[in-house]
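Just so it is clear, A, B, C, D, E and F label the chains in written order, and each chain counts residues from 1 on its own.
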Amino acid sequence: MGKIVYATRRERFNAAHKLWHDEWDHAKNVEMFGKCSNPNWHGHNYELFVTIKGEPSEETGYCMDLKHLRDIVEKYVTSKLDHKNLNLDVDFMKGVKTSTENLAIKIWEQLEPHINQTGCKLHCIRITETENQAVEYFGGE
Amino acid sequence: MGKIVYATRRERFNAAHKLWHDEWDHAKNVEMFGKCSNPNWHGHNYELFVTIKGEPSEETGYCMDLKHLRDIVEKYVTSKLDHKNLNLDVDFMKGVKTSTENLAIKIWEQLEPHINQTGCKLHCIRITETENQAVEYFGGE
Amino acid sequence: MGKIVYATRRERFNAAHKLWHDEWDHAKNVEMFGKCSNPNWHGHNYELFVTIKGEPSEETGYCMDLKHLRDIVEKYVTSKLDHKNLNLDVDFMKGVKTSTENLAIKIWEQLEPHINQTGCKLHCIRITETENQAVEYFGGE
Amino acid sequence: MGKIVYATRRERFNAAHKLWHDEWDHAKNVEMFGKCSNPNWHGHNYELFVTIKGEPSEETGYCMDLKHLRDIVEKYVTSKLDHKNLNLDVDFMKGVKTSTENLAIKIWEQLEPHINQTGCKLHCIRITETENQAVEYFGGE
Amino acid sequence: MGKIVYATRRERFNAAHKLWHDEWDHAKNVEMFGKCSNPNWHGHNYELFVTIKGEPSEETGYCMDLKHLRDIVEKYVTSKLDHKNLNLDVDFMKGVKTSTENLAIKIWEQLEPHINQTGCKLHCIRITETENQAVEYFGGE
Amino acid sequence: MGKIVYATRRERFNAAHKLWHDEWDHAKNVEMFGKCSNPNWHGHNYELFVTIKGEPSEETGYCMDLKHLRDIVEKYVTSKLDHKNLNLDVDFMKGVKTSTENLAIKIWEQLEPHINQTGCKLHCIRITETENQAVEYFGGE
């Protein structure tokens, strides 16, 4: 039987966003989202940790070459998020609130098909929004 | 079926404590607890990570407003610990050794009833005591 | 003669901005500012380190109560920057590019008169924009 | 029923290594391992996090005295890795590629018998190789 | 002419303290020192950065063997501070408030004669008390 | 008169090295360099902080485009150091001990002519070798 190892790659992106519900007036948005509802946006240095799991290859010692993982994350996720506006510029965030929770779910959906083709499995998407706040998503269960 | 996301809030508190067993003499306390038994106390900058789990609301994108989580943690835990003596000043630590392990268990017991009223569930209490030592408690199982 | 000590308080703010010159067309802005010129903004978790210098009081051991410094920084700087758009929302940034360099100069100008009333002197404004980039300003010399 | 707590001790070691397959020529090694195949080695500041689980003792409040855990890790692992060449100097790495994945598996195998004698159980070996890459091993499942 | 290099060694100590003026009543102490006046103490994980300057030796490439600096700091400073009460247990802190400012001045006074015997000069004592507060002392000027 | 701002770019490199004097025997090398004399090398994740100073341009708000600084550092320094052996692979380290002190001096000498052509001046080379040890070089004075 195999020996499953979990490997994590960190990537970073700097983006603007706001939390805002169009059907609510300004006062209700402020009540619900506080400072995060500033109409002119605010932003963050997000850190994204992508964890995959698999068995190390005897030949390379790798579950998966993390440079390959980096390229997948860059192509499908961080190139679309870095120095962007999460509400306006990102195709895969259309129609959902740009909370860190939703960002994690949507990044999972972007990455899972590509990672699962490699022989490894996507295990966790972790995003830190500030040093005090982070979310993790393991596919929903 | 829903999509469960884990969200973590970090809080900090600076406190004094010692590890000491009244029924042991000084030599036995030193043998068992080393430097941590200094009679005049020592102290730490503790970091507390509270992780809850739940489904993001469609309206807000949040599992739970982390400002609300912060207020619960402040009210029931960090206001009682910050700039205090864990052995002398903290009602919920009476009768147990002030190890980081016990601190995690007791903080869980303080927070669980209040967090579980919000629709989310408490998942993990993590405390770092120094950069080299940390504990996690998931409710005991 | 006295013993001068330097004391530093860290504050944080999360803001949106872009680097953009109205008199340049889009291509020239991209050439000069790269990803930082994204029209829909991007953002950062900025860290601000304010360093003052002075002699510790015999009575308190403090150069200056850092809670008082925190209040000055909050009132004149971070309340105006946190969860804001540096280009649109900040009175003291009007008319200058929102580079980290200019942000440091303008924060110095905001704080110096208030800090120098306390008996201490402002020594340094340090801002980290990302983990890879930081600036320091010591009043210009 | 008991209350299981997880406790983690961090240790550090600085080591040289390369990723290299003797049966491959230089070009194939570069293709597979990139910069990590430099014949004259390169190196890292590795961080090792050893997590054990157990019930806190009523007497001490500890799952396990982490100074004892530190001594076990020092004796069986870090004294053999620190300021060493992972390919040439380390008995327990003979015959496997010195990837971080394999390092985690082999450290687990070194530590598990000694930790499981203490009444606690080894839960996780986590190694960070750089700020962007980390692996975790939980015994293989 | 020589090439002066600055070298820094970090050490850590965990200690209890309070800020308290015996000649003031409880209310005045709280007014002046806030939470730091808790009668039963609080504590911190202090980080101490000792910076020396000198010319690297041609033979070793070192200004000073930092293991030797570590031993000096351990002997004269951290062994007296770690897991101690700064108000009660530390000979060189008698008679002054245990502010971080005073701690930096007193550590300088402890170390300077011993470091200046090595051919290098003490340049800076930096202490971080929390992630938000730090002081530096350069000998007073 | 102008307003001088200091700007810092961080780069990283992972390298192998040893401290070793060919004219000394093994015992003397161990006595002088301790674990750093391991014949089969060891290694580090070095962090390099390059600080330049200059006046922000009115047009861009930059002292110097830090992407340009990054390119200079990459071309003349980190491409020669990353995933290399400091003793064997690096042209500009020939003939000197590979201490962090000498590394800082030699990196200064590599960068100064190229940075001083940009209108800014090189101010400081800072290198961290481990979380406990760092050096700074300001050009020698």
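To be clear about the criterion, a contact is a pair of C-beta atoms (placed from the backbone, for glycine too) under 8 Å apart; a residue touches a chain by one contact, two chains touch by 3 or more.
No experiment lies behind these values; they were computed from the predicted model shown.
Chemist: Under the touch criterion given at the top, what is the topological distance in steps from subunit C to subunit E?
Modeler: 1
Chemist: Distance from the CA centroid of subunit C to that of subunit D, rounded to the nearest Å?
Modeler: Once rounded, the distance between the two centres reads 42 Å.
Chemist: In angstrom, rounded to a whole number, how far apart do the mean CA points of subunit E and subunit F lie?
Modeler: Chain centroid spacing, subunit E to subunit F, equals 28 Å.
Chemist: Quick check: how many Å separate the C-alpha centres of subunit D and subunit E?
Modeler: Result: the chain centres lie 34 Å from each other.
Chemist: Can you tell me which residues of subunit C touch two or more of the remaining chains?
Modeler: 131
Chemist: So which chains actually touch one another? I want all the pairs, not just one.
Modeler: The list of touching pairs comes to A-B, A-C, A-D, B-D, B-E, C-E, C-F, D-F, E-F.
Chemist: Given the complex with subunit D, which residues does subunit A contribute to the contact?
Modeler: For this pair, the touching residues of subunit A are 1-11, 51, 56, 59-63, 66-67.
Chemist: List the residues on subunit E that touch subunit C in their complex, please.
Modeler: Against subunit C, the touching part of subunit E is residues 19, 21, 32-34, 96-102, 104-105, 131-138, 140-141.
Chemist: For subunit C, which residues count as touching subunit A in their complex?
Modeler: On the subunit C side, the touching residues are 12, 14-17, 35-36, 38, 40-45, 82-85, 88-89, 130-131.
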